[in-house]
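Across the two complexes that follow, subunit A remains constant while its partner is subunit B and subsequently subunit C.
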Partner chain A sequence: MIKQVENPLLEIHDLTVSYDQSPVLWNIDFSLPEGKLIGILGPNGAGKSTLIKAIMGLVEPTGGYVKIFNKDLDQVRNRISYVPQRESVDWNFPASVLDVVMMGTYGRLGLFKRPGKKEKDLAFSSLEKVGMTAFAKRQISELSGGQQQRVFIARALAQEADLYLMDEPFAGVDMATETAIFQLLQEMTKEGKTVIVVHHDIHSAMTYFEWIIMLNLHLVASGPKSDVVNEDLLRKTYGGKLNLLTKVTEIIRQQEFNPLKN
Partner chain B sequence: MEDFLYFFSFQDSSIAFIVLGITILGIGSAYVGTFSFLDNKALLGDAISHSVLPGICLGFLLAGEKNPYYIVGGAIVSGSAATFLTSWLKSNTKLSEDSIIATVLSTFFGLGIVLLTVIQKTGNPEMAGLNQFIFGNAIGILEEDLWVYGGLSLIIILSLSLLMKEFSLLVFNQEFGRAIGYPMDFIRLVFNILMILSVVIGIQAIGVVLMAALLITPGAAARFWTDRLSTLLILAGLFAVISGITGTYISFVLPKMPTGPWVVVCLSFLALISFLFAPKKGILFRYISRRKYLRKTHRDHVLKSLFKATEEGKKGLNKNELLSLYPHHKKETLGSISYLLKHNQLNNIQGLIELSESGRTEAKRIVRLHRLWESYLNEYMNIAPDHVHDSAEKLEHLITPELEELLDNRLRYPKLDPHQENIPRDHDDI
Partner chain C sequence: MMTFDQNAFLIISTASMIAISCGLLGVFMMLRKMSMTGDAISHAVLPGIVIGYFISGSQRGVEVIIGAGLLGILATLIIDFLRKKAKVQLDASIGITFTLLFAIGIILINLLAYKVDLDQECVLYGEIAYLPIDLWITNSGFSMGPRITWLALLNLLLVGSFIFLLFKELKLTSFDEGFGMVMGIPAGAINLALMSMVSYTTVSSFDAVGAILVVALLVVPPATAFLWTKDIKSLIKLTIGIGIGISVLGYYLAFWADSSIAGMMVTVGGAVFLISAVLTSKKFKFRLGTQSNQEAFNS
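Moving on to the complex of A and B:
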C-alpha cells in the first residue's frame, strides 16, 4: 500500500543505499504531502536512520534520487532541519546548552561569521518552546537523556525550517517528555510545517502520526494512518527479516568490489 | 640566581625574543591540540610529529645548510604525506586507526633516522645543529628562525579564532554541520593543515619526538579544571606557555640540556597536579567527597539503630551497646556519636545515648526511606521481601524529598513495609 501524492513536499525515487557495499535500502519510492506529522516505523536494522541520512545527503545513494520542495537538496538546505540520533555525539564536549542550540542558527549565518544578539534571542525562544530556558547555561554533560533530546529539538527549532527530519527523538525519553514533544510537533504541523520522525514505539505512533511509512529494508507502506495500519502490513514490516533479501545482501557483500555501483 | 635574573629581566634582547617565540608557539600548539584532544585524535599529532623528520633531513640536504625555509618546507611536505597516507589507508583498508598510525609513525621516523645518519656521514660542518630537531633546543633558535616559527604560530592562532564555530561543529557534531550545508571535508582539511603547522612550529624548540606532548597534554590537563571551551583553551595555552618558558630557561642555564624533555617534564607535572587536585574531577576531591559521604552514611546508621531501639521500647542505648552493633567500625562509630552529640541530634543522659527531637525526626526520615524503598522493590519489581534489605541500605541515603513524594504517591502512603514493620511518619507522635 503505497500512496503517492500530487505536488509532493518530498519525493524519493527508486532510492537504493548501501553500506560497505551491503544494500540496506532497496528501491525506496514514495512521495509525502505537506504539513503532516509523519512517522517512519520499522524493526531494528530496517534502514530507518539510513533513509533520513540519505534524504539529508549524509550517505551517498547507489541509485535513485531525492527531491525536496521539487528541488535538489543543496538549493533548499536552509528550509530543512535535521535532528541526529542523541548517541551520535560526544556529550562530554565542553559546551553549554545555549552553545548547542545556537548551532541551529549557523546554517543561515554562514561560514566565518560569529553569532550575535539576533541568534542568541532565537536560541532562547527555541529553548523556551521545549521548556529548557532554565538550563541555558548548563553544561551539556550534566543533562539527562530526555533533556539532551530536548536540546537537540531546540537546536532544530532555531533553524526555522519548513521540513524537520528527526532521528529517534524519543529514544531514552520519559513519558511526560514524550507527550510534551509530540504536542509541540503537532503545533508545528498546524502552522504548516512538515515533521518526519523515525520512531520505534507502535502504540504512540498510532496516537500521534497522521501519515506512516513502514520500512523493512524495502518500503512496505506509505500513506495516511487509517489506510496503512492493518495486521497484514504490520506483519510484513515487523515479521522478521526477509530471508531472501538477506541472502542476496550476503552474496553482494562477499564480492571484492561493489557490483551495484554504476 | 644571577642566571635567573638575567633570563627573566629580558635585558638580553635575544632571550626576550626567544621567550616571546615560545609563548606564541605554546599558545598555538595548545590551541590546535585541545581541539584534536576533544576530537579523540590525540595519536594523530604524535604520528605527524614523528613523520616530519625525513622532511627536515631532505630540506637540509637540498639547502646544504640549516636554512629555516627549506627545513620548514620539508617538514610540512612529509607531515602532509603522513597525514594523507593515514586517512587514505583508513578509508581503503580494513586496518584499525591505531595500527595505521603506529605503522606510519615508525616508517617515517625510521626513514628520518636513516637520512640523519647519511647526513652525518657526509661530514657537513653544519650538520651538528640537525640533532637539535630530535629533542629540541630553544636557545639555539636564531632570529631568522623566529620569524618563520612565530609567523606560522600567529597564522595558526588567527585561523583557529576565526574558525572557532566551524571547528567546534567538526568535533561535536560533524554530521549536523554537513546537514546544514557546511563543507565539513574542507574544514577537516584545514584543521589537519593547522595540525601539521602546529607540529612544524615546534620542531626547533621542542623537537619532533616530544612535540605531540605539547599538543595534547595542555588540553588534557586543563580538562580537569573546566567544562567551558573558552576557559579550557585559555588554561591549555597557559600550561603550554609556562612549560615552554621553564624548558627554555633550563636549556639556557645548562646549555647541553635539550629543551623538549624539560618542557614535557614540566607539562606532565602540571597534568599530575590537575589530576590530583582539580576540584570536582581531581582524585583528591573525589576521595574526600567519598569519605564525607561514608561518614554521613555511618551517622545515618547510628541514628537508625537508636530509632529501632525506641521501637523496641527502650529509651536509648549505651555506648558499648552501640559499639557492639558495628564490631569492625569502632572508630567511625565513636566519631559519629560525638558528631551527632555536638550537633544536638543526640543527648547523652548519664551514659545512655538518646535521640533528641531533631535527631528523632532525621532518624525517622532515614528509616522511612529505607522501608519505602523496600516496599517499592517488593511491590513494583517483584523482589522477595528477604532480598530487598541490601538495596535499601544504600538508597536510604540517596533518595531526595521529591523522590520520596513520588514513592509515597505510587505506593499510596503505605503504613507497613514488606517485613510488616511500621513506616514511621512525622505526625506519628502527635
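Moving on to the complex of A and C:
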C-alpha cells in the first residue's frame, strides 16, 4: 500500500543503497505531502537510518534519486534540518548547551562569518521551545540522555528549516520528555513544517503520526495512518517478530490499560 | 642577578611560537581523535622533504615545504582510504601509512645521497640551541636575525589566522561532521586544510625541534589543558599558556642541566601533564563526594 501524492514535498524515486555490494535499501519509491508529522517504522536493520542519510546526502545511493521541494538537495540545504542519533557524537566535547544550539545557525551564516546577537537570540528561543533555557550554560558532558536529545532538537530548530529529519529522537528518552517533544513536533506541523521521524515504538507511533512509512529493506507501505496501519502490513514489516507485539497491543486495547503511560 | 640574555630571549620566544602553533592545531586534532594522525604526518612528510630538496637544491627552499605539505595531505588521504574503503582499523592504517612513507623517504635519501646533503638525524631531532648562529642574511649582506625565528613567526601568523577564520567550522566539524555536511559546510576540505597546516607546521619546526618532538607539542599541551577545562576557548588559551610555560621552563632546565632544549621542553610538558592528571583526579574524587549532581560524573 503505497500512496503517492500530488506536488510532493519529498520525492524518492527507485532509491537503492548498498554497503559493500550488499543492498540495504531496495527500490524505495514514495512521495510525501507537506505539513505532516511522518513516522518511519521498521525493525532493527531495516534501513531506516540509511534512508534518512540517503535523503540528506550522507550516503551515496547506488541507484535512483531524491528530490526535495522538487529540487536537488544542494539547492535547498538551508530549508532542511537534521537531528542525528544521539550516540553519533562524543558528548565529552568541550562545549556548552548554548554552543551546540548555536551550531544550528552556522549553515545560514556561511564561511568565515561569526554568529552575533541575532543568532544568539535564535538559539535562546529554540532552547525555550524544548524547555532547556535553564541549561544554556551547562557543559554538554553533564546532561542526561533526554536532555542531550532536547539539545539536538533545539539545534535543529535554530536552523529555521521547512523540513526536519530526525533519526531516533526518542531513543533513551523518558515518557514525559517523549510526550513533550511530540507536542512540539505537532505544533511545528501546524505551522506548515514537515517533520519526518525514525521511530521504533509502534504504540506511540499510532498516537502521534499522521503519515506512516513502513520499511524493511523494501518499502512496505507509505500513506495516511488510517490507510496503512493494519495487521497485514505490520506483519509484513516486522515479520514473525510482531506476533508477540500484536498480542500485547490487543490485550492493552481490550483492557484499556496502559502500564507504560499510567 | 638578572641580565637580558638576547640568545635566551630568541630561543624562548621561538620555542614558544612553535609550541603555540602546534598547540592550536593540536587542540582540534585531539577533539577529532586524530592526535596520532599528527604523528603519522610528521613522519610521512620525509619523502616530500627529500624530493623538494632534490628539486630546489637547498634545505631551505619553498619547494621543501610544498613537497612536505603534499605528502602530508597524501598521508591523510591514504589513511582515510584504508579506513573507509578498505575497512582497516584507524590505528593500523596510521601505522601502515606513515612507516611506509617514512621508509620511502629513507630510501630516497640513500639513492640521492650524492645530491642531497640530508640525513634522517636532522629530520628526527632538531636543535634549537643553534638558532642564534643560523642567520637570515639578505642579498645585500644585511643580517635580519635568526632564520628559524622568522619561520616560526610566519608559521604562527598563518596557523593563527587559519584557526581564527575557520574557528566556527573547525568546531562544528570536530563535534558533528555529519551535521556540518548536511548544512553544506565542506567538511572534507576543512579536514584536509587542517592536515595541510599540520604538515606545514611540522616541516617549519623541523630545524628547531625535530619530527618526534613536534608530535609531543601537538599532543601534550592540548591533552593537559583538556584535563582542566571543558570550554573550547579556555582550552585554547590554556594550551597556549602551557606551550609558553614549557618553553620557558624547558630552556632554563636545559641550560642548568646542559642538555637538549627541545628534549627538556617535552620532558617538562610530560611532567606537567602527569601532575595535572593526578591533581584533577583528586579534584574529581573531592567533588564527587560533595556535590549533589553525582550522576553527571559517572559517565
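The rule we apply is simple: the second predicted complex is superposed on the first by the 239 of 262 C-alpha atoms of A that agree within 3 Å, B and C clash if a C-alpha of one lies under 4 Å from a C-alpha of the other, contacts with A are read in each partner's own complex, and residues count from 1 in each chain.
Heads up, the rule we're going with is that contacts are C-beta pairs under 8 Å (C-beta built on N, C-alpha and C of every residue); 3 or more make two chains touch, one makes a residue touch a chain.
Just so it is clear, the structure is predicted and the values come from calculations on it, not from any experiment.
On the superposed subunit A, the positions of subunit B and subunit C overlap enough to count as a clash. In the overlay built on the shared chain, the residue A:Pro94 is in contact with subunit B and with subunit C. Of the two partner chains placed by the overlay, subunit B and subunit C both lie in contact with A:Met103. When the two structures are aligned on the shared chain, A:Ser144 is found in touch with subunit C, with no touch to subunit B.
Looking at the shared chain after the overlay, A:Arg77 reaches both subunit B and subunit C. In the superposed pair of complexes, A:Glu119 makes contact with neither subunit B nor subunit C.
Once the two complexes are overlaid on the shared chain, A:Asp162 sits clear of subunit B and of subunit C alike.
Residue overlap on subunit A between its contacts with subunit B in one complex and with subunit C in the other: 53, 56-58, 74, 77-78, 80, 82, 84, 88-90, 93-96, 99-100, 103, 106-107, 111-112, 114-115, 139, 141, 155, 159.
Residues 38, 40, 162-166, 168-169, 171-173, 175-182, 223, 226-229, 232 of subunit B are the ones that touch subunit A when the two sit in their complex. If you check the complex, the residues on subunit A that touch subunit C are 53, 56-58, 74, 77-78, 80, 82, 84, 88-96, 99-100, 103, 106-107, 109, 111-115, 139, 141-142, 144, 155, 159.
Taken together, the subunit A residues at the contact with subunit B in this complex read 53, 56-58, 74, 77-78, 80, 82, 84, 88-90, 93-96, 99-100, 103, 106-107, 111-112, 114-115, 139, 141, 155, 159.
Across the complex, subunit A is touched by residues 31, 33, 165-169, 171-172, 174-176, 178-185, 226, 229-232, 235, 293, 295-296, 299 of subunit C.
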